[in-house]
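Next, two complexes with subunit A in common: one pairs it with subunit B, the other with subunit C.
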Partner chain A sequence: MYGFEAMTFNIHGGYLEAIVRGYRSGLLTAADYNNLCQCETLDDIKMHLSATEYGPYLQNEPSPLHTTTIVEKCTLKLVDEYKHMLTQATEPLSTFLEYITYGHMIDNVVLIVTGTLHERDVQELLEKCHPLGMFDSIATLAVAQNMRELYRLVLVDTPLAPYFSECITSEDLDDMNIEIMRNTLYKAYLEDFYRFCQKLGGATAEIMSDLLAFEADRRAVNITINSIGTELTRDDRRKLYSNFGLLYPYGHEELAVCEDIDQVRAAMEKYPPYQTIFSKLSYGESQILDKAFYEEEVKRLCLAFEQQFHYGVFFAYMRLREQEIRNLMWISECVAQNQKSRVHDSVVFIF
Partner chain B sequence: MEYIDNLPSMDLMRSEKMMRVQLIIPVESAHRAVTYLGQVGLIQFRDLNDDKSPFQRTFVNQVKRCAEMSRKLRFIKDQIHNAGLVPSPSPASQPDIELEELEIQLAEHEHGLIEMNANSEKLQQTYNELLEFKMVSQKAGDILLSSGSHVAAQETELDENVHISPEYADTSSLLEQEMQPGPSNQSGVGFVSGIICKSKVLRFERMLFRTTRGNMLFNQAPADNKVPDPASNEMVEKTVFVVFFSGEQVRIKILKICEAFGANCYPIPEDTTKRRQITREVSSHLSELESTLEAGLRHRDKALISIGFHLAKWMNMVRRENAIYDTLNMLNFDVTKKCLVGEGWCPIFAKTKIQEALQRATFDSNSQVGVIFHVMDSVESPPTYFQTNQFTNAYQEIVDAYGVAKYQETNPAVYTIVTFPFLFAVMFGDWGHGICLLLGALFLIAREKKLGSQKLGSFMEMLFGGRYVLLLMSLFSVYCGLIYNEFFSVPFHIFGSSAYQCRDSTCSDSRSVGLLKYRDTYPFGVDPSWRGSRSELPFLNSLKMKMSILFGVAQMNLGIILNYFNARYFDNSLDIKYQFVPQIIFLNSLFGYLSVLIIMKWCTGSQADLYHVMIYMFLSPFEDLGENQLFRGQGVLQVILLLLALIAVPWMLFPKPFILKRLHTERFEGRMYGILGTSDNYDDEEPDPVRQPHHEEFNFSEVFVHQMIHSIEFVLGAVSNTASYLRLWALSLAHSELSTVFYEKVLLLAWGYDNLIIRLVGLAVFAFATAFILLMMETLSAFLHALRLHWVEFQNKFYSGDGYKFRPFSFAALNDDED
Partner chain C sequence: MVTSSSSWSQALVQISPYTFSAVGIAISIGVSVLGTAWGIYITGSSLIGAAIKAPRITSKNLISVIFCEAVAIYGVIVAIILQTKLESVPSSRMHDPESMRAGYAIFASGIIVGFANLVCGLCVGIIGSSCALSDAQNSSLFVKILVIEIFGSALGLFGVIVGIIMSAQATWPTKA
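Presenting the complex of A and B:
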C-alpha cells in the first residue's frame, strides 16, 4: 500500500533503517576528501582515516602500508556492516539485502573463470574476489570447461542459477563469450531484482525502480560503447540490454545500431536525464563518461535517503560505500605513485 | 548592600577566576615544559592550528611514532593475552628509559615475537599436517581393508608408491609434494585419500558425484577427535575420506575439487605393512615435533613474561608522550621559528605553580632563554572550573548534567548539597527504609579505597559515584521518616506516648467517633495514633500538601534571590530593578502570601478555608471574607497584594527592552559626536576591537520578544512551578501507601496463618518487595523527581548554564580516561 508504509514499516525495518542511516552519516565528506587529497604518503592517509570510522580497522596495521591493505580493510568494514544488517534483517528485507550482493557474485564468477582460462592460480584469484560476492563452492569454478559444466557443477547451487537459463551453451569458454555471459547474467539479475522490488511495492518499488533503471541504462550505454568495433551482432547486442529502464524499448533500438560514440550520444541526448551527462563530454571523449555516470549515480543514491520507510536506503548505502572505497583506492594509488596532479580525476565527492 | 558585598567569598559559589595566558617557549625546552605542565595539570591549551589537518602539523612525525609504538604495545598485549598470561608490574622498580630507547626496544621485542610466532607456526603447521596424515593413514587404511575384498584383485599388481620413501622424514614439504593418488593399475581404478572439514563433507561428496557423473565411490569415516586445521590452527571436526575412481582425467578433476574445498589429500600406500611402517615413522616424528613446539612455547612465554613486567609502564609512557605531542601540535611557531607560542586558560591561583614548573623546565633543559609567561586579554568567555572534592563532586555533577555554569555564575550546587537530599527525603520519608539506604551508603564509603581502584559495572559505577549523595539522602530520609513517624509504615512511640486516648476502656468507637486529646501534643513528628484512624489520610494529605507549598515557595524565592546576587556580581542594575524586584514581588504577593496564611493557620488552629481565600482573592477581591478571615485587615491587604502582582507584570515586561534601546542609541550617538571626550573611556571598556561588533547590532524586536517570553514564562511558571512542588506530597503519599500495602497485605496477612511455610513465603515476598520496589524503584523515582525540581523549578529562576567546562591538559586525567 503506497503511502501507508509509516504504519507498519518500523515493525521490522525501523531498527535497520536507523542503523543504515547511522552508517550513512559516517561516510566521508568533501572536507575529508580535501584533506585526503593533500596527503603526501600512505601513512598520512592512514592517519587521517584513523579519525574517521575506518580508524579501528586500520589502527593495527604495521607501518609500510600498501594501497591494497587500505582498500582491503575498508572493504572489510563494509562487509562487517553488511553482515550485521543481514543477520538482523527479516524477510523480505533479508532477501533484498542478498540481492544487493548478486552483482558481486557475477563479477566473481567471471573473474575466476577468466582467471583459470588464463591459467592463474586459484588462491590468488580468490583473494581478488569481492568478499560480498563469495559463495561456498566458488573455488570449484576452476574445474568447469564450458558453460554447461559451469552451470551443472557449481552455479546450480547458487542464487545465480535461474539467471543462467539464457546462456547455457556447450561452447568452450573464451574471453568473448565470458563477457557475453557476464552481461547476460547481469541483465537477468537486474530484471529479477527489478521484479522483486516491484513485488515489494510502495516507496521501495518507486525508488528502487528509478535506481535500477539508471543502472540498466548505464549498462546499456557501456555495452554499446564497448561492443563498437567487435564482432558482436546488432541482435546479440540488443539481447544484452535489460528489458526495463528509461531507454526501453525505443532507446535500445537506437543504441543497437550505433557504430560510433557520436551516434550513442545522439541517441542518448533525446532523454533529458542523460542529456546533462552527455553535454559535459566534448565530442569523441568517452573517458569522462564513467565519472559523469558515477556522479549522477551518487546524486541519485543520496536522494534515496530523503525519503523514509523504504529499502532503497540499504541499496544506496552499499553503493555509496563502494564508491567511497573506489575513491580511497584512487587517492591512495595516486599518492603511492606520486601522481597527485591526477588525484581529482576520478574522485566522486559524496557529500 | 555593604553587608552583602563584604560577605566572605565562597569557593564553590562562583567558578574559579580564570586568565588567558600566553606562553612563549624556546624550542629546546618545549617538550620538557609541556611535560611539567601536564604534571601540574592546570592549564587548558587552545588549538592554534585549527585550520591545519592532523598531518600538516609540526610534530606529526612524533605523533606517528607514538601511534606506531602503541600499536606495537597493543600487539604485545594481545600476544600476552593469547598466551593466557596476566601482565603484572614487576615488584622491583625499573629504571626510567627514554622514548627513543623504548622505541628501539619495542621494535626488537615485536620483531622477536613475530619471528618466534612464525617459527612456531611453521612447526605447528607441520605438526598438524602430520597429525592429519596419521589419522588419514589409520582411517583410510581401515576403509581400504574393508573395501579390500572389492579391489583385492587389483591390489596384487601395485606399483610401488613413489613417495613412500625417506622423504617422509622431511615432512615439512608434505604439501609441496605432488599429491599422488593411489596407484592407477590395470583396471584404471585409483583412489585419493584425504581429510576434510566435517561441515563440508556433504557438499564435497555432491560435487564429486556431479563431476564424475556418479562414477566414483566415496568412503568416509569421522575423525576421532577435533583436529587443528593446518592453515588456521583452529580446532575443527574433520572427516577422513577415500574416493575411488577410474581414469586420469577424473583424477585431475578430483584433485582440483579437493583443493577448492580445502581438503588436504595425503597419499596412502595400499600395502598394509608399508602403511604400518609409515604410521610408526609419523608417530615418532610427531613426538619429536611436540617437544620442539613445547620448548618454543616455553621460550616465548618467558619472553612475554619479561615484557609483561614493563608493559603497563610503557603503555602509560607512550600515552603520555602522545598527549604531549598532541599538545605541542596545538602550539604555533613564532616568526623566528625558535619559539613555540601557546595560548590557553588557567585559574589565577595556579599562576605560581605554572611559573615554577616552567622555570624548572628551563633549568632542567639547560635552556638559555626562559619561558615567557604572560597574561592576555580576551573577549572569549573563560571556561568554568570548580574545585570539588569527593564529597561535593557528585552534587556538582548533578548540576553539570543540566548545563555547565556560565563563567563566574552563581553555582546552584552549593545549595543542591542540602536541598537535593532533603527534597528527596520529603518524598522518601521512612526511617526504616532510610536506615537500609544508610547502610548501603556507609558500605560504599567504607570500601571507598578498594572500590575506587577497581573497575565497576556501569550500575555500580553510578552508585559508587553518588555515594555521598546517597549518604545525605538516607540521613535526611531517617529525619523525615521520624517526622512522618513511619518505620516500614509502622508508627512507633519513640518520643513519648500519644496525646490521644480512647473515650472508654473498650475503645469501640475510636474508629467512628474519634479519640480524645488528653495531654500535650506529641513532641516530635506525627502522633502515632493517627495511623489507622478514619481521618489519617485527610490529616496527612493536608500536612504534606501545605508543607510542599512552603518548601516550594522557599526554594523558588531562593532562586530569585540568587538572581539578585548574580546581577550584583555582574554589575547589572537593570536586572535588579526590572527583573529581580518585580519577580520577587509577584511571587510573594501571591504564593508568599499563601505560605503566610498556611503558617498562620497552623499556629492559630483556625478553621478558615484557604482555597476559598485564594480563589476569591482573584474573583471578588472586595467581598467580605466572613468566617475565612484569619486576621484583621486581611481584605485590604489582599487588595494591595493583588494590585502589586498586577503592577509587577508590566514592570518586568516593558522597561528593560526600552532602556536597553536607549542605552544603545546613547552610546551610538556618543561615538558619533564625542570622540575626543570619550575615546579614552572606550579604550578602557573595550580593549579589543573585536568586541565592538557585538554591540553594533541591536535588534529591538528581538530583545522585546525575548523579554516577553521571559516574563510570560515567569508569570505562568510561578503558578505551575508551585503546583509542581505538590509532587513532593504525591510521591510521599505513594511511598507510604505502598509500604502500608506490603506490610499489611503481605506480611501481616501471612503472619495470620499458623503455618511456618506461609509465614516464610510472606516474609520473603515482603523482603523482596521492600528491597526492589521500595528501596530501588522508589528511590529512583524520588531521585528523578528531586532532580526535576532542582533543574526546572529551582534553576530556571537564575541559572543560564551555557558555559563550558575547564579541561586542563593533565596526565592524571589521561590515566582516568584510559581506565
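Presenting the complex of A and C:
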C-alpha cells in the first residue's frame, strides 16, 4: 500500500538504506572538483584524491600514473561498495541490485564482440570490460560467429537470456548489426526493469518509473541523433525505442521521421522537461546536449534521496558514482593532455 | 419481546465482566509492547547502518530508542493499575449493572492505552529512523527533529491519562 512503506521497509532494507546514504555522503563536492580542476599533473590529482575516500585505492599506485589507472581504481571502489551491499541484501532488494548491473553486462558483451570483429586479443578486451558487468563464460563470446551462436553458446545461461528473443537472427555480426543488437538488448532490459519496479509498487515504483522513463527518453533522442544520415530505416529506428516514458508513443512517432537536429529539437520542445534542456542549446549545436542530459539526470538522481524507505536510492547512488567516475576521467584526461581550459566543458557537479 | 436480532445483545450481556477486564489488561500490555518493538526495530536498523559512516551519532540517537521504550513502560504501569482494580463479587451480583460497568471500564482503559501506545511507538520509531539518517549527514538537524519526536511521544501520554481516568470508574458493587 503506497504511503505505508515506513512501517515495514526497515525489516529487510533499513540497514542497507542507511549504508547507502552513508556512501552518498562520500561523493565529491564542488569544492573537491575545484581543487581537482586546478591540478597541473596527474600526481597532483592523486594527492587530492588521497584526501577523499579514494585514498586507500590510489595510494599504492606508482608514479607515473595513467588516466586509465585512476579510473580503474575508482571503479574498483564502486565495485567493492556494490558487492558489500549485494551480499547483505535479501529479496527483492538483491534482484533490484542485480538489475542495476545488466546495463554494464550488455556493454561488455558488445565490447567483446566488436573487439573480436576487429581482431583484437581477448585478454586485452577482458581487461577493458566494466567489472560490474562481468559474468562467467564471458571469454567464450569471442568464439561466436553470428547472433544465434552467441545466444546458444554463452548468453542462454546469463541473466540477459530473455532479452535476446527479439534479436536472434542468423545474420553475421558487423558493426551496424552490433549497434542494433546493443540497442535492442538495452530496450528489452529497460522494459524488464520497469516492469519489475512496477511490480514492487509503492514509492519504489513511483521514483524508479520517473528515473527509467528519463533514461528511455534520453536513449531515444541519442538513437535518433546518431542514426541521422546512416542507413537505418525509420521502421528499424522506431523498433529501438522503448515502450514507456514521456515520449511514448507520440514523441516516438515524431522522432522516427526526423532527419536533422533541428527537427529533433522541434519534436522535443513540446515536452516541458525536455524543452528546458534543448533551450540551453543554440541552433545547430549538439556537443553540449550530452552534458545537458547528464545535468538533468544528476538533478533527478539527487531528488531520489529526498524520500526514505524505497529502493530508488540504491539505483541513484550507483548512477551518481558512475557520473563521478566520468567526471574524474574527463578531468584526468584534460590534465594529462594539457587542455585545462576545456575542463569545465564536461564536468557535472553533483552537489 | 425477544426478536432474533437481539440474541446478539443477549449473548454479549451474558459475558462475565471479568472476561472483559482480563482482555483489557492483556491488550494494555500486549499491544503497547507491540508498538514499542515495532518502533525500536525501525529506528535501530537505520541507526546501526548510519553509524558505520558517522559513529558520532550513536550516543545521541539512543534517545529515540528510549522514547519508544517509554511507551512500553506506560503499558506496564497501566496494566498493573488495572489489575489492582479487580475485586471479587459474589456470583449473584456478577451481572448487575454496576459490575458490568466496572468490567467495561477496565476493558476500555486497556484498549485506549494499548492502541494509543501502538501508534505512538510506530510514530516515534519512524521519526527516529529519519533523525538518525539526517544526523549522520548534518549534525545541526538532530535537536530540531528531536522536538518532533517529543510531540510524537506525547500521544502515548494522552492514552495513559485517559486510561487512568477510565479505570477510576471501575468500582465493583460492595456486598449488599
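Here, the second predicted complex is superposed on the first by the 351 of 351 C-alpha atoms of A that agree within 3 Å, B and C clash if a C-alpha of one lies under 4 Å from a C-alpha of the other, contacts with A are read in each partner's own complex, and residues count from 1 in each chain.
Note that a contact is a pair of C-beta atoms (placed from the backbone, for glycine too) under 8 Å apart; a residue touches a chain by one contact, two chains touch by 3 or more.
Remember, predicted model here, so these are calculated numbers, not experimental data.
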item: Touching partner for A:Tyr23 - first (subunit B), second (subunit C), both, neither; value: second
item: Which superposed partner A:Leu153 touches (first subunit B, second subunit C, both, neither); value: first
item: Touching partner for A:Cys39 - first (subunit B), second (subunit C), both, neither; value: first
item: First (subunit B), second (subunit C), both or neither touched by A:Glu254; value: neither
item: Touched partner set for A:Val143, first subunit B, second subunit C, both or neither; value: first
item: Partner contacting more residues of subunit A (subunit B vs subunit C); value: B
item: Contacts of A:Tyr15 with subunit B and subunit C, given as first, second, both or neither; value: second
item: Footprint overlap on subunit A, comparing subunit B with subunit C; value: none
item: List of subunit A residues in touch with subunit C within their complex; value: 6-7, 10-11, 14-19, 21-23, 25-26, 308
item: Residues of subunit C that touch subunit A when the two form their complex; value: 38, 41-42, 45-50, 52-54, 122, 126, 129-130, 132-133, 136-137
item: List of subunit B residues in touch with subunit A within their complex; value: 53-56, 60, 63-64, 67-68, 71, 74-75, 200, 203, 207, 210-211, 253, 256-257, 259-261
item: Subunit A residues touching subunit B - in the complex, by the definition given at the top; value: 35, 38-40, 43-44, 47-48, 50-51, 59-63, 122, 136-137, 139-140, 142-143, 152-154, 157
